[in-house]
Amino acid sequence: MTSPVGQPLLEAAGLVKRYGGVVATDEVSLQVQRGEVLGIIGPNGAGKSTLIGLLGGALKADAGTVQFDGADVTQLPAAERARRGIGRTYQIPRPFLGMTVRENLLAARYSLHPFARKADALAACDAVLARTGLADAADLPARTLPLLRRKRLEVARALALDPKLLLLDEVGAGLVDAEVTELITLIRSLRGQVQGIVIIEHVLRVVRECCERLLVINFGRQFAEGRTGDVLASDDVAAVYLGTAGASGSPPQREVAAPMPVAAQALAPALAPLLELKGVHAGYGQARVLEGIDLAVLPGQTVAVLGTNGAGKTTLAQVLSGAIRPSVGQILIDGQAVTGWPPHRIAALGLAQCMEGRRIFAPLSVEENLQLAARRVPPAELAERLERVYTLFPDLKQRRRNAGTSMSGGQQQMLAIGRALMARPRLIVFDEISLGLAPVVMDRLYEALAALKRAGMTMLVVEQDVERALNIADQVHVMEHGRIALSGNAAAVRDDPRLRHLYIGKAD
Amino acid sequence: MSDYALELGFRLLLLISLAEAWNLLAGYGGLVSLGTASFFGVGAYALVGLANQLGVPPALAVPVAGLAAAALAALMSRPLFRLRGLYFTVGTLALAEALRLFMINNTAFGGATGLFLAGDAPSLQSLFLMALALLAVTTLVMALATRSRFSILLRAVRDDEDAAAQIGVRAFRIKLLALVVASWLTGMAGALQALKLGAVEPYGTFGVQWTVAVLSIVVIGGQGLRAGPVLGAVFLVALSELLADWPALHLALNGLILIVVIRFAPQGLAGLPSALAQRRGRR
Amino acid sequence: MPGLELVASGLVGGLLLGGMLALIALGLSIALGVMRLVNLAHGELLVGGAYLGYFLTQATGIDPFAGLGVVAVAMAVIALPLHRLLVAPLAGQGMEAPMMTMFGVSIVLQNLYLLAFRADTRAIDTPYAGRPLQWGPITVPLTYLIGFVVSVVAVAAVHLLVSRTAFGRDLRAASADPVAAATLGVDVGRVHALTFSLGAACAAMGGVLVGTAFSFTPNTGATWLLVSFAVVVLGGIGNVFGTLVAGLTLGVLQSAGALVLGDGYRDLVGLVLFLLALAFRPQGIVAATAR
Amino acid sequence: MNPSSAFRAVAVAVFAALAAPVAQAQAADSIVIGASLPLSGPLAGFGAYQKWGYETAVNEVNRAGGLAVGGKKYTIKLVLRDDKTDPNVVASNTETLISRDGALAMLGSCTPALVNAGALVAERRKVPLVAGCDPLGAFKSVRKWQYAWAIFFEEGDLGSAPFRMMADYGLQTNKKIAVFHDNGPDGQVVGGQIWPAEAKKGGYTITTASSFPVDTQQFGAMIGQAKGAGAEIVLADAIPPQAITMRKQMAAAGYTPKLLVMEKGAEPEQFAQALGKLANGVLVGGYWDPSFPYPGAAELGKRFEAEAKQTQSQHIADSFTAAQVLFDAIAAAGALDREKINAAIGKTDKSYVVGPVKFDAEHASRIPITMVQWQGGKAVVVWPKERANGKLVFPLPAGN
């Protein structure tokens, strides 16, 4: 596409950011020409989000300069950069929870034009809401929006600034293909009014279909840069980022070293379900999320729960953990009703959780995070369990003394899984463990799950990524709007047209 | 109206205004402050100064004295706003305490003896009317602050300061404005009280009891609810009046009732009707 | 300008006092860090400890410092139902409600003390209450030194408890992310209850120190509460080790201020320094990494 | 129902409830006397003594069939309110007592801050108020009083007493003085102005003078300085908690002056109880003792100790007297007329439990000062000679 001559819209030179000893961003330089869409890719923990922070002004660079629209903005705080036209979204959405969706946008308008006519401001906001597909939610409190819509709100809020430059941080993460397509159309349509866009993305389709140029970051350093096609084609890029299997559909099932220990009786599948839900309704305050869920997990079985964002998968997981009390219905473990029990008592029954968003304890070291989950266990046994987890995830052993949150996203996810195992549970609930991870990392995690399955562990896998879930599950439930829309064994569900209808096309 | 009613009315109006000002900071700005006493005290001292040194008439002296408190707020804003959440709360408490100790030790403002209003204090009648005016101003300010576009910016900062900055909100200025306005109101309340007492001294005007009164009012009345401060103030004044006739138990009962109300009316008195309605709904 | 002897004694005295401040503030700090509870009744718990110590020594005639353990345990036991009845039910209702409840508690306690023991000023009497400790140019009250040792030991013990034991692990996890901790099997309610009574026990021990080194009345609590706040914030909320450092620092700084400006400015100096420290080091002088 | 209407309902109800008493105030043949007292808070100790003093005076009158005013007998109804040691509350209490309970006249609270706060209200409402427990200097400094009256000692007398005593007994010291005083109103006057002035007159040198707020608990620095300067005379003015701590820390610093005066703080018995041996030899200015040759003095002391089961304090005398003065004035006025009563108070000239009472042009009546010394847990009057009931211990015993 034709980019007008003159100096670039954004030019960053030699950006450096250190956290204590760790160098998160190391001598990164980049340019965004007017009318250009630049993609930034790289494995988790490569320092992509840090870079966005440096460009948006949320973080102060230790060295380097940022030129925007012909002016040096290196010293300017976030607010001032925003006023000059840099709009930024957060990877984990941060809407103003106490305000309505429209007010979220109005905040941007009014901060920019305090004395604009109210009618104009409202008009501008509603226009943005319309094109981001939030028009119907304009007057809802942001608190009530599910994750997907919050991500949209992020984009909408940034657009309300009518920025010259838009920084999009993982807006595609966790979307199903249908939604990804929408997103791509949205981003493309933005080119008209935004002079430049920087996209950080794992969903390769977005990158491939939106960006002219790509910048690859690894360990905070510039690894490669060039036209999208060339970069994606290059083998060393594939090596660091995609892994060998990432691009092609389903990951292979490589044999992993140590088979996991499992509470004995789980090995011989009995008929009595280990976990059973009967007509469970639940929600937050007034918002109903689960509308009558029936589901059973037999010992040794692996059950997958699929569904688009906002279908209620995570709420289901929280109900199982006891974090949310069902308003109606029953939860039974070994036929015993545990409805309304506090979380720690449910955990004591051998139901472990690998929570969405990892929930690693920052004040605790990696090892302490693991030890925490093993309740009242004699030292010898504790050491043995630790060893088992370390053999499954050697990365953790190296970093056992580090703070849990100091590791990369993938490693933190490993820690979360390991932590669930430490309880020597009879059933583990895996909630969205692949969310926002690079394909290579996902592969490793799912290999670990596969190993567990072979060892006879009972698992309930709540997943976004259909392929991976179908590959591992015996029994599959697909949720839609708080109900189970479709159930059956993996094979049956895979071929079921209704699934196709839910997820158009395959994950890339 | 009997003098007694006027006396009670004055106290009510004063406390309501204080609670509203606090609510502006905490409810809409997310700035939970324990520093009410410091701005109240500065207002009180400023009034005495204005009246004694410059002979400013009360009606004018009160708003001007309020400005002194506002100035203090502006002065302290830099260090205070570096603090977030709990740290801000404790910081404001420390500020109030530091000011009190300063006023006690510094003889320039009469030390612990304090200062006395030269002229006679105005009649209870006119004091009441002034308090009424103060409440009117407060209500007006609150209406502006809660319905205007300013409130949108303020709430944005409250909900997520960083995210607000990312969309161009100059958080510092917004918070500053809120703090200054709230302090102005608080300062005027202090000035009125000084006018009524005809005397100011550190323990009485900079004492933590004012901060505590405001907090109790808001918690008892119900936070973030329009009618909250009013109900809370009425409750508190009524309580202290009705219990005052058993001086021995007075405070202990006061504390006990405080505990009970907080325990069984979590949304405060103003939230009680809806809370009950909900409970009925559940059955 | 005061002479060397005076300065030395002043600063050493301040250091020793600082140690006691650390213990006095510790309870407030952990309650704040772990359960986000602004315990406005902290001062009254402290005074309660002082009364316990007072009557214990009166009744048994044993040395107050020997009785510390008894007082601590007693207060810990008293605190448990207090938490169960008043604090626990308010979980998840924001900061103000529990804070005001504890304020209510402080009023009630103050007046109960008043009704039970009258407004009299009391001090826990020990044969060595007035004995000076000579060491070269330095003269400090013996009680200061004992108090200092006791405090440092107590704070160190709590530090180990938090950083080395399983309970400490649960405690830190619960303070970082209660929901996740519960899901992993931590009984958060129990952790909070124990934290609260641990804090109360520390306050009570501090009270005995205050009662021995100084004096107390039913209303003494407020003064110590405010000092404690300064220490807590300087040390970083919920940071045990930091609390100790902050206590020592504040103690020395206060004495320094007192030497230059006079005792009247002791507390003022402390608070002003504290405000400055806040302004430039919002997370406390000791980085939160030490937690 | 919507919040605002809910509020109105509550408000109306409350005002109804509160307004009720106004009606029945000032019932037929009883006189309402109001008093705001520090029954809780830092000064609760004083409040308790005053409460007893006021109530005893009232009971005496009522037991005698009431107060005869203009040939008619009235029973006296004393309405007390707790002011939490907060001047703001004193003011509103006074306002309420006058307007709601229809108090004919008021009795004062304790300490300048509280008494003055109430007096200013009484002044505005033109209601006579008689107070003890407010040092006259501080009382006079507020304004030219019209309706407020004070019966207490003069800071000047208190301040000069130690010097006069030293002169009378010719005590041998190096004439070096250290002054510690709190910066409360009376502390400022006594420690900040009078002592320095008196020292100058008597040819003493003040080596160190330090002031502190009433909530400090550490005096290391000032004690160190005094010791360093070798002052043999220590004059301190502090409230009991501080005086006790200060005495401990002096001993702990190995500092034993020859003469130690601790105004305010050393006065109540708790001082001696808390300090044990350390209290011995500590001097404090006093203005009353049951042993004094005034009508009813001995009885009052005994009565208190019998009823309150604790040792008497001189505060029972001035509060008791304040009440009696007021009642006599009401009787003398011959009508329940505040102006007349106020005038009658001004004419008071009679000897009461606390000594002769006669108000000067500034509405103040002086009580002479004596020096009291703690000896083996007993407060002994050691000066002036003609009043002394024991011998002065000099120099100050080491204590440990």
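Going in written order, the chains are labelled A, B, C and D, and every chain counts its residues from 1.
By definition in this document, contacts are C-beta pairs under 8 Å (C-beta built on N, C-alpha and C of every residue); 3 or more make two chains touch, one makes a residue touch a chain.
Every value quoted in this text rests on a predicted model; they were computed, and no experiment measured them.
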item: Farthest chain relative to subunit C (centres taken as mean CA coordinates); value: A
item: Pair sharing more residue contacts (C-beta pairs) when B-C is set against C-D; value: C-D
item: Whole-Å gap separating subunit A and subunit D, where each centre is the average of the chain's CA atoms; value: 72
item: Approximate Å spacing (C-alpha centroids) for the pair subunit B, subunit C; value: 29
item: Approximate Å spacing (C-alpha centroids) for the pair subunit C, subunit D; value: 35
item: Centroid spacing, where centroids are CA-atom means, of subunit B and subunit D in whole angstrom; value: 33
item: Interface hub residues of subunit D, defined as touching at least two other chains; value: 40, 183, 211, 213
item: Overlap residues in subunit B, where contacts from two or more other chains coincide; value: 101, 104-105, 248, 251
item: Shared-contact residues (touching 2 or more other chains) in subunit C; value: 110-111, 222, 264, 267
item: Pairs of chains satisfying the touch condition; value: A-B, A-C, B-C, B-D, C-D
item: Parts of subunit D lying in touch with subunit B, wherever the complex brings them together; value: 1, 3-4, 6-7, 10-11, 14-15, 17-19, 22, 37, 39-40, 79-82, 84, 86-88, 91-93, 95-96, 98-100, 112-113, 116-117, 120, 124-125, 138, 141-143, 182-185, 187-188, 211, 213-214
item: Subunit C partner contacts - residues on subunit B that touch it in the complex; value: 26, 32, 78-79, 82-84, 86-87, 89-91, 93-95, 97-98, 101-102, 104-105, 208, 212, 215-216, 218-219, 223, 248-249, 251-252, 254-256, 258-259, 262-263, 266
item: Complex contacts: residues of subunit C adjacent to subunit A; value: 166, 169-170, 172-173, 175-177, 179-189, 291
item: Subunit B-facing residues of subunit C, complex; value: 32, 36, 38, 86, 89-90, 93-97, 99-101, 103-108, 110-112, 115, 222, 226, 229-230, 232-233, 237, 264-265, 267-268, 271-272, 274-276, 278-280, 282-283
item: Residue numbers on subunit A that touch subunit C, as the complex places them; value: 321-323, 342-344, 347-348, 352-353, 355, 359, 361-364, 368, 371-373, 375, 419, 423
